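Let me give you the structure first, and then I'll get to my questions.
Going in written order, the chains are labelled A, B, C, D, E and F, and every chain counts its residues from 1.
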Amino acid sequence: TILSHDSLMEDMVLLETNIDDTTSEILGFTMEKLFENGAADVFYTSIYMKKNRPAYMLSVLCRKQDEEKMADIILRETSTIGVRRSVVKRHVMEREVIKVNTGIGDVRVKISTRGDIKKVTPEYEDCRNIANKTGMPLISVYEHVNRYMDVETQGTKNRYKGN
Amino acid sequence: TILSHDSLMEDMVLLETNIDDTTSEILGFTMEKLFENGAADVFYTSIYMKKNRPAYMLSVLCRKQDEEKMADIILRETSTIGVRRSVVKRHVMEREVIKVNTGIGDVRVKISTRGDIKKVTPEYEDCRNIANKTGMPLISVYEHVNRYMDVETQGTKNRYKGN
Amino acid sequence: TILSHDSLMEDMVLLETNIDDTTSEILGFTMEKLFENGAADVFYTSIYMKKNRPAYMLSVLCRKQDEEKMADIILRETSTIGVRRSVVKRHVMEREVIKVNTGIGDVRVKISTRGDIKKVTPEYEDCRNIANKTGMPLISVYEHVNRYMDVETQGTKNRYKGN
Amino acid sequence: TILSHDSLMEDMVLLETNIDDTTSEILGFTMEKLFENGAADVFYTSIYMKKNRPAYMLSVLCRKQDEEKMADIILRETSTIGVRRSVVKRHVMEREVIKVNTGIGDVRVKISTRGDIKKVTPEYEDCRNIANKTGMPLISVYEHVNRYMDVETQGTKNRYKGN
Amino acid sequence: TILSHDSLMEDMVLLETNIDDTTSEILGFTMEKLFENGAADVFYTSIYMKKNRPAYMLSVLCRKQDEEKMADIILRETSTIGVRRSVVKRHVMEREVIKVNTGIGDVRVKISTRGDIKKVTPEYEDCRNIANKTGMPLISVYEHVNRYMDVETQGTKNRYKGN
Amino acid sequence: TILSHDSLMEDMVLLETNIDDTTSEILGFTMEKLFENGAADVFYTSIYMKKNRPAYMLSVLCRKQDEEKMADIILRETSTIGVRRSVVKRHVMEREVIKVNTGIGDVRVKISTRGDIKKVTPEYEDCRNIANKTGMPLISVYEHVNRYMDVETQGTKNRYKGN
């Protein structure tokens, strides 16, 4: 079954702020809050600031309409008082998500294409659930799903030119 | 006493350069020079470059009028021969700085506001001086100042909605 | 109510392994598995390996009796084929956990002592639940609990000498 | 063909040194020299030292008989004047290396076992050569080899218990 | 002999992508491929993503005409399905490359100038070859070349104002 | 003038602790306190802990007799409640410190030797003072001192074998 079919993405906003007076526990919680409110991506980078302060930069990628909401969460949850923003474009592959029964459980799989490039990405949460239920290592679950997709759709074989 | 009252900040310039042939000692000194000459922020990020080189990216945030001066310092003090630059905007909170007598010493405190968000930030240097003078842990000095501000201005209580 | 009272900890085993052929998704899952099976601490450090490989070192701190179980999980879930091990001792504070009703919800609080040092640590999960239920920023919940403990037990005031 | 068959490894020496006055270019070269002279592993970790110095820690894992040679290279090539050393043990899997003809070229493959855990690791250099010769993405080469090994030896299927 | 003489550089494109499902081995290979195809710079930064995933951001700096080729390599070699892009300007020094006979071997040296700033950068590959051929530490080769240039061109003396 | 002459160093203690609930400002201050009280080295490493917490590991290298004092400072200034410790040995070079008049100011220089290896390290603080007083880039000051030492003591020439 095809569950979704995204078109090429529009412009995104990148919010960044350096944080030197908030604890790691608060930073972990803030990431959670940002994702719950629609952030496309959230990540931390270790930076070294003045006065021997090992600190973190928070980066949030979001849609333009979510920018003020994201800035609000950052300013409310952390100690920062300013947030940098810039606009970025994105090269994206065409994507669709299908659901397949792989023999060890149902797994959503994302099929991404761009010209002759084709990729097959099993959904992490589905693979994780199977790993937890069966006791299989997560990597074995991925391998199982990839083998299944390989037979069904010639998945990764299509990855390279002239295939 | 109100010591200053900043308005919302204008556009800033972000200068970045990857450095793989300068020592850490020089990088520390360069940060110092950039701050002395008016940089708004300076920080280093660990990056991994070609030929197995663990290196650092230098980032400088400054006002437009300081851009050439900052680029000059970077090119003069480090071995880099090129500096990337982009322009970023900033969401900032309204800020004012007041001085309070907290019982263990005078401390400047920054009050930042945006809509219903209100933050109280004791000045690091003032707290550090009290910690060094009294032998109290720095974190205890911050806690003392925050308790004082809490009573005086209902500081952090105002942080969340519906306060 | 006193919920637990730990004595000084014994020797611990530190397991470390450099991982350059496992994905980040698998690394996140492996951390989860290690904690579920009794690891005292698990963390990743970014390292730079040969052939321009940005990689991660996995570190696991565990009790001696859990060492083989931890090594097994690492070897099963990741691609690594060897795990370094060393034994470390730990200086630890005396700890007890109590439960307090702070007015905005019940919170477990860890009281740690060593000589004249006394620390009060609100339990993250309890504070997080209150933040999620009330919409308060997590940092405000911590501040609320700390103020409550301060009144009840003179918490952080006891932190420094001669208090 | 079986090319080698290692037994469990003995004690190893871990050398570490913090470097704040050597450039990245020299660090990359030093890693090369250490591997050429028999280091088992060499890696760099980003650390933050005094006086705002973003620096790197060099770690070298070697056999006991190579310790003085390694220390010599570190002291000769870098600016450091002291090298920490400790001894670590290792949990290792039984390993053997075989050579297989996978249809797209010969590839050495390492087979590692420990109890019921079995892993199949294609040799990086061989896969890289095939990727460069054929224009296939490296990841597709790995996938091809893994599929081949899967059929031949039930490779990764043997990874998990009760398989 | 003057080997080249670059003018000030034009606008560059910065491509960035967060990668959490590709191994370190593949990342090292991808860097190689990007440089072979004309990237001006390629580097990795350690980032911390959701679900406890320690991951890497890939950054590629390239000319505008190479952008689609670079995006293609990234999308083909790694598991990522989207690449952010922004345009940056660069402050660059005037550069020319000369070849000098320093007594221990021929070395290309880059002379960079901007106003009164003048820098002398020996070519890494040439110095590395001499180090490998003679057994001298690489840092000694650099020092030898710098002393030679100092005599010949008053190299580093010209670095600072009023020289 | 010879200012000091160290013999080979004895065993050292390495203290380490993971910190996820202390701010960067406090971490910077703690480093300062540790150095003031006799730490041989102090540094921070970025680590990734559970619950999406980007955190820091504090490492302190000290003499055995200073161990309890260092543990006390760590436990007093930060939020951590446990400190790991292990004992490391060190390979060190013979060192002596001399003071030289280099023409642009007096500079202490450390001369380190081990077998045929000889290194010359100008003292950072002295070079920094000259850079600040003269406006010369710090790197030019180092270069000036190294040229002076090269003439006086054949410094770096002695670095490599067969010199």
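Throughout what follows, a contact is a pair of C-beta atoms (placed from the backbone, for glycine too) under 8 Å apart; a residue touches a chain by one contact, two chains touch by 3 or more.
Given the structure is predicted, the values throughout are model-derived calculations rather than measurements.
**Student:** Steps needed, at minimum, to get from chain A to chain D via touching chains?
**Tutor:** So the least number of steps between the two chains is 1.
**Student:** Give me the set of chains touching chain C intersected with the set touching chain E.
**Tutor:** The shared contacts of chain C and chain E, listed by label, come to A, B, D, F.
**Student:** Could you work out which pair in A-E, B-C or C-E copies the interface of A-D, where over half of the contact pairs coincide by residue number?
**Tutor:** Overlap exceeds half of the contact pairs only for B-C.
**Student:** Give the label of the chain whose average Cα location is farthest from that of chain D.
**Tutor:** B
**Student:** Going by average Cα coordinates, which chain is farthest removed from chain F?
**Tutor:** A
**Student:** Indicate the whole-number Å distance between the mean C-alpha point of chain B and the mean C-alpha point of chain D.
**Tutor:** Taking the mean C-alpha position of each chain, the two centres sit 40 Å apart.
**Student:** Based only on mean CA positions, could you tell me how far chain A sits from chain C in angstrom?
**Tutor:** 26
**Student:** Any idea how many Å lie between the Cα centroids of chain C and chain F?
**Tutor:** 30
**Student:** Could you list the positions in chain F whose residues touch two or more of the other chains?
**Tutor:** Counting only residues that touch two or more other chains, chain F contributes 21-22, 25, 31, 44-46, 48-52, 54-55, 76, 79, 86, 124, 137, 139, 159-160.
**Student:** What topology does the chain contact graph adopt: line, ring, star, complete, or other?
**Tutor:** Complete.
**Student:** Which bits of chain B are touching chain E when the two form their complex?
**Tutor:** Per the stated touch rule, the residues are 15-16, 18, 21, 45-51, 55, 57, 71-72, 75-76, 79, 81-86.
**Student:** In their complex, what parts of chain E are in touch with chain D?
**Tutor:** Checking each residue of chain E against chain D gives 22, 25-26, 29-30, 46, 76-79, 124, 128, 131, 137-139, 142.
**Student:** Would you tell me which residues of chain B are touching chain C in their complex?
**Tutor:** On the chain B side, the touching residues are 46, 48, 50-52, 54, 134-137, 139-140, 143, 146-147, 150, 156-157, 159-161.
**Student:** Under the stated contact criterion, what part of chain F meets chain A in this complex?
**Tutor:** These residues of chain F touch chain A: 19-25, 27-28, 31-32, 44, 46, 49, 51-56, 79.
**Student:** Can you list the chain B residues touching chain A in their complex?
**Tutor:** Where chain B meets chain A, its residues are 9, 12, 14, 31, 35, 41-46, 59, 61, 86-93, 95, 110, 112, 114-115, 117, 119, 121, 124, 159-160.
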